[in-house]
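Same chain, two partners: chain A is paired with chain B first, then with chain C.
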Partner chain A sequence: MQLLLNGLIAGSLAALVAGGLALVYGVLGVFNLALGQIVLVGGYVTWWLYGVMGLPFVASIAGGIIAGGLVTWITFRLFVEPFYKRHRFLPIVTTIALSMILDGLILILFGESPKSIRLGGGIWHIAGARISVAQLGLILITILLLSVLAYTLHSTAIGRRIRAVVQHPHAVESFGVPAQRLHQLLFIMSGILASCGGIFLAIDQNLTPVLAFSITIKAYAAIIAGGKGNVWGAIVCAYAIALLEQAIVGIHWFNTFYVPAGFQGTVALAVIIIFLIIRPQGLFGSVARSA
Partner chain B sequence: MLCALSVAACKPTSSTEPIKIGFIGPLTGDAAALGVDILHGIQIAVDDANATGGIDGRQIQIVAEDGRCTGADAASAAQKLINVDKVVAILGGQCSGETLAIAPIAEAAGVPIISAISSNPDVTEAGEFIFRVYPSDALKTVVMAKYFAVQGWDKVAILSTNADFSVGFRDALKADLPAGFIFDEVVDPTAKDFRTVLTRLTGQDFDVFVPNSHANAPMALMIEQFREQGLTQPMVSHDVADTLDVIAAAGDAAEGLQSINVPTIEADTDFGQDFITTHGQPQAGMFFAAFGYDAANVLLEAIRNMGDGPLRDAIAATDRHPGVVGPISFDENGDVVGVSYDLKEVQNGAYKTLRALPL
Partner chain C sequence: MAFFWHIIIIGSITLLPVLGFNVVFGRGKILYFGQEVFSLAAAYAVWVLVARFEWPLLAAIAVAAALVIVLSLFFAELSLRLEPDGLGVLTIAMHLMALTIVLNWQSVTRGALGISKIPRLWFPASPAVFAAMAILIAVVWVFLLWRIDRGKVGRALAALAEHPWHASALGINRRTLHTFAFLLAAIGSLGSGILFPAYILFLTHVNYDFPVLIFFITCIVAGGPGRIFGVTAATLALVFLREGLRFFALPYDLIGPVRLILFGLILFIAVWYRRDNLFPTRREI
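Then we have the complex of A and B:
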């Protein structure tokens, strides 16, 4: 039970970032390797507003999300939009450059020491396992947020329009759908989700300037395993990978040995690779489609 | 013409030339904060000496070079200080990598070096001319193992990050504990989620937990997530946990946490007040400056006492120099004797020194 809860905590964090990335990479087909840094921007700005400026918690969260959205918008206008129509791989280079710039800026502005937001609140005991009120809240809010997003995209008229834009931007523009604006909207949505991930990180763990890239990599793993273009798939797989990671080190395998904790990430990624050999289109991807 | 270009090399050692001592330490890069603090500590010692007329009427001059916490930069800095500036001794390196790289150069040139804070066990065997005022890491695990034995804690659980410092510490402690560890996990150095590994401890019988991380952020999370599992056993850690950053980030979970480290130098000591008036608040920590100050004073005292003999022998003869960090002497390897380890405990959100731990 504790294992399951630990997995849900880690999975919620991963799913927030993966859900955002699924919009950009999965739906739009564009790479954004600076997404991990945007996670940090959202987290650090919230920490700064709440911990240093003394703003109310809700206002601080709003500020963090706005800052994350703003940085994502700038990312789109300066580092993605001028390039991705020429070749869809060009933003890999430009966003890596941006990630380095943001890493440096975060280090200069916020320093090297770990920053965290602590809300207090008690510990609950559920079926012999322990979870704090804050963690439970984070898990529920994440699941709600992501469900609304995935439902909108896959099961409503707006979602259909967005997916149409991606499939054929010129054709939908002739139907009066503003393709460019929708691209931008998708991109900013991913930044907002990433910022939420950063706030989650600040509340549950802590923020340091160096952890951005590993966040990005985990999100890509979830998307690839989930099937490109499927937001539900990315979310489910982010949770699945997190649970797998916890199970690998937490279970006393065959009552004889524990997998050393250093292998936690490696084994989980190895399982994904094996899974993809068997099912290359991912868990929810369909065989014929390609974006 | 050549003489005009390099004055120091051509003039005979007159009684008015300043005495040059070199400094090597990180002045840029990740470790710059501590390098600057050490240099400022050295500056205070040198300024004090110069204010009272220098040594034999000669002023002391520091020639500072940036070692960037890397062996390669420190080595070229040492070549420059020895061959171009003709320093009589070098205070440095500070990072152990710097010290180990300049040791053979200093050894070959016969120029003594004193490091303020290098702690790597390999520095012990680095050579005849290599001294340090900071105790070797090898001693710290001995002290910790003794403390555990006195407390009757023989079932030890440890969680380490996979980095040079923390793995080195774990291996040394394992060798010093008669029963080894009953729980010994090494996690990725970038990991932030140790919950499941720590959950396994809930079913185990152990006496003490050692959070062993090389960096602040994982250290704070190990402490926090350990308590989050409802575990109540005592926690004992080392230098990395002995920072305000870590106990601030870990919050309530850090209450009662113990650390074994060199003595803390408070801002309200005489040295601390001196430092703040001259250089403002330290960037990395007051104790870095204190070790720099003591290293410089040991060297200055040796220069005063050397007479016609070699400077190296005068340094080696240092006998209970009354330093800020303790009475300083050297053993036959140039390792400091007299600087003890303190046992500190977090009480009401701040470290309090409980007592010195014997070696």
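Then we have the complex of A and C:
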């Protein structure tokens, strides 16, 4: 039960990040490799506003989300928009460049030492497993945010427009839908979800600059394993990867050994790579022909 | 003078993996970012066996060569099975995995502490002799890759990158070419994995981290993807800039972040400048 809860906690962070990204990939077909740094921007700004400036917690969260959204908007306007129509792989390289720049800025502004937001609140016991009130709140907020995303996509006018843009952007433009503006909106939405993930990380664990790349890679591993562009596939795989990571270190294998915690991410990524060798199109994807 | 020899040695050693990577990423346009997996595997295989288990150097090199060959076959297989962007992300994942293994397998690799008892190579006794040896190896490597690039293999790789279907119809075998390209990339990293720790007499994961991979990408993009002499010139210039930064009057804790920002900006400007030919575009008649 404890493993399941730990998986839900870690999976909620990954699902927030991967869900928004899968949507962006479905529409634009681009990868944003500075995503982990945007997660950190959301977390660090919230930590700074709350822990250093002494702002109320809700205002600090709003500040973190706005900062993450702003950096995402700049990312789109400078590092993605001028490139993705020339070749959809170009933003992979430009966002790698951005990730370096943001890494440098984060190190200068916040330093290397771990930062975290500690909230009060007790510990609950559910079927013998321990979970803090903050963690429970974070899981519920994630479910709420993903439900809002689902409702927006499937039951609102803007959601229908987004799905239409995914299916045929040129045809949609001829109907007067501003596809370009929707691209920007989706990109910023993915950044806002990532910033929420950063705030989640600051509350539940610690923020350090070295986390960025592993967050990005796990989110994209979920997207690829889920079948690229499939939002729900990415979310399911984000939770599955988190559960797998918890199971790997939590289970007493063959009653003889435990896998050391340091290898948690490595084993999970290895499983995904093996899975993709067997099924390259991912869990919910379809096969593409190649020469 | 010491700085001059240092730049020559570092530049020559860096050329080996960068030009190997250039065959796959630059000429083959294969979206792969696992070059430092080869370097990590080669460096740790050689120097762990030599420094910690007291193997003869040649036997350790043979083990490292076998390891990078197996890895190159695996990468080639992945490149055939996965879609390009999936391959890009998963090769970064493999780099992350390799770093995690090095950092956590402390009984063998000594983790973040690194391996300090790297024995000095027996023949290059002075920096000048080491520099001469490094230059010789780099020149042979540049010439070999230039010949390959100008020959049938280079043309076939370019054709495959531009239009896989047409290349396939012309009888170009994708599997053979990818395997060959990844083998060349692996050989370059094997060379640097042997020489670099032997030069600084220390082996640490920091020299194979993500900023180093991004530095390699910057060298290729700035020099012109696939161009042997362009990438060589860009690598030497950027190595000079990177190593020269330490002479600026910056606080010690600022050098790392400033270097990240500077090389991020250089990469962005290089991509902007090369945005029309970085990735394959079909030629028009």
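We take it that the second predicted complex is superposed on the first by the 271 of 291 C-alpha atoms of A that agree within 3 Å, B and C clash if a C-alpha of one lies under 4 Å from a C-alpha of the other, contacts with A are read in each partner's own complex, and residues count from 1 in each chain.
Just so it is clear, a contact is a pair of C-beta atoms (placed from the backbone, for glycine too) under 8 Å apart; a residue touches a chain by one contact, two chains touch by 3 or more.
Being a predicted model, the structure only gives us computed values, none of them experimental.
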Touched partner set for A:L55, first chain B, second chain C, both or neither: neither
Touching partner for A:I272 - first (chain B), second (chain C), both, neither: second
Between chain B and chain C, more extensive residue contact with chain A: C
First (chain B), second (chain C), both or neither touched by A:A97: second
First, second, both or neither for A:L4, with chain B first and chain C second: neither
Which of chain B and chain C A:V259 touches, first, second, both or neither: neither
Partner chain in contact with A:S214 - chain B first, chain C second, else both or neither: both
Touching partner for A:P280 - first (chain B), second (chain C), both, neither: second
Which superposed partner A:L136 touches (first chain B, second chain C, both, neither): neither
Chain A residues contacted in one complex by chain B, in the other by chain C: 214, 260, 262, 265
Complex contact set, residues of chain A against chain C: 31, 33, 79, 82-83, 86-90, 92-94, 96-101, 103-105, 107-108, 213-214, 217, 220-221, 224, 228, 260, 262-263, 265-266, 269-270, 272-273, 276-277, 280, 288, 290-291
Residue ranges of chain A in contact with chain B within the complex: 2-3, 6-7, 9-10, 112-116, 118, 123, 130, 132, 201, 205-206, 208, 210-211, 214, 245-246, 249-250, 258, 260-262, 264-265
Residue ranges of chain C touching chain A (in the complex, touch as defined): 31, 77-78, 81-86, 88-90, 92-94, 96-97, 100-101, 103-104, 164-165, 167-168, 174, 210-211, 214, 217, 221, 254, 256-261, 263-265, 267-268, 271-272, 275-276, 278-279, 281
Chain B residues touching chain A - in the complex, by the definition given at the top: 30, 159, 162, 185-188, 190-197, 199-200, 202, 215-217, 220-221, 228-230, 245-246, 249, 251
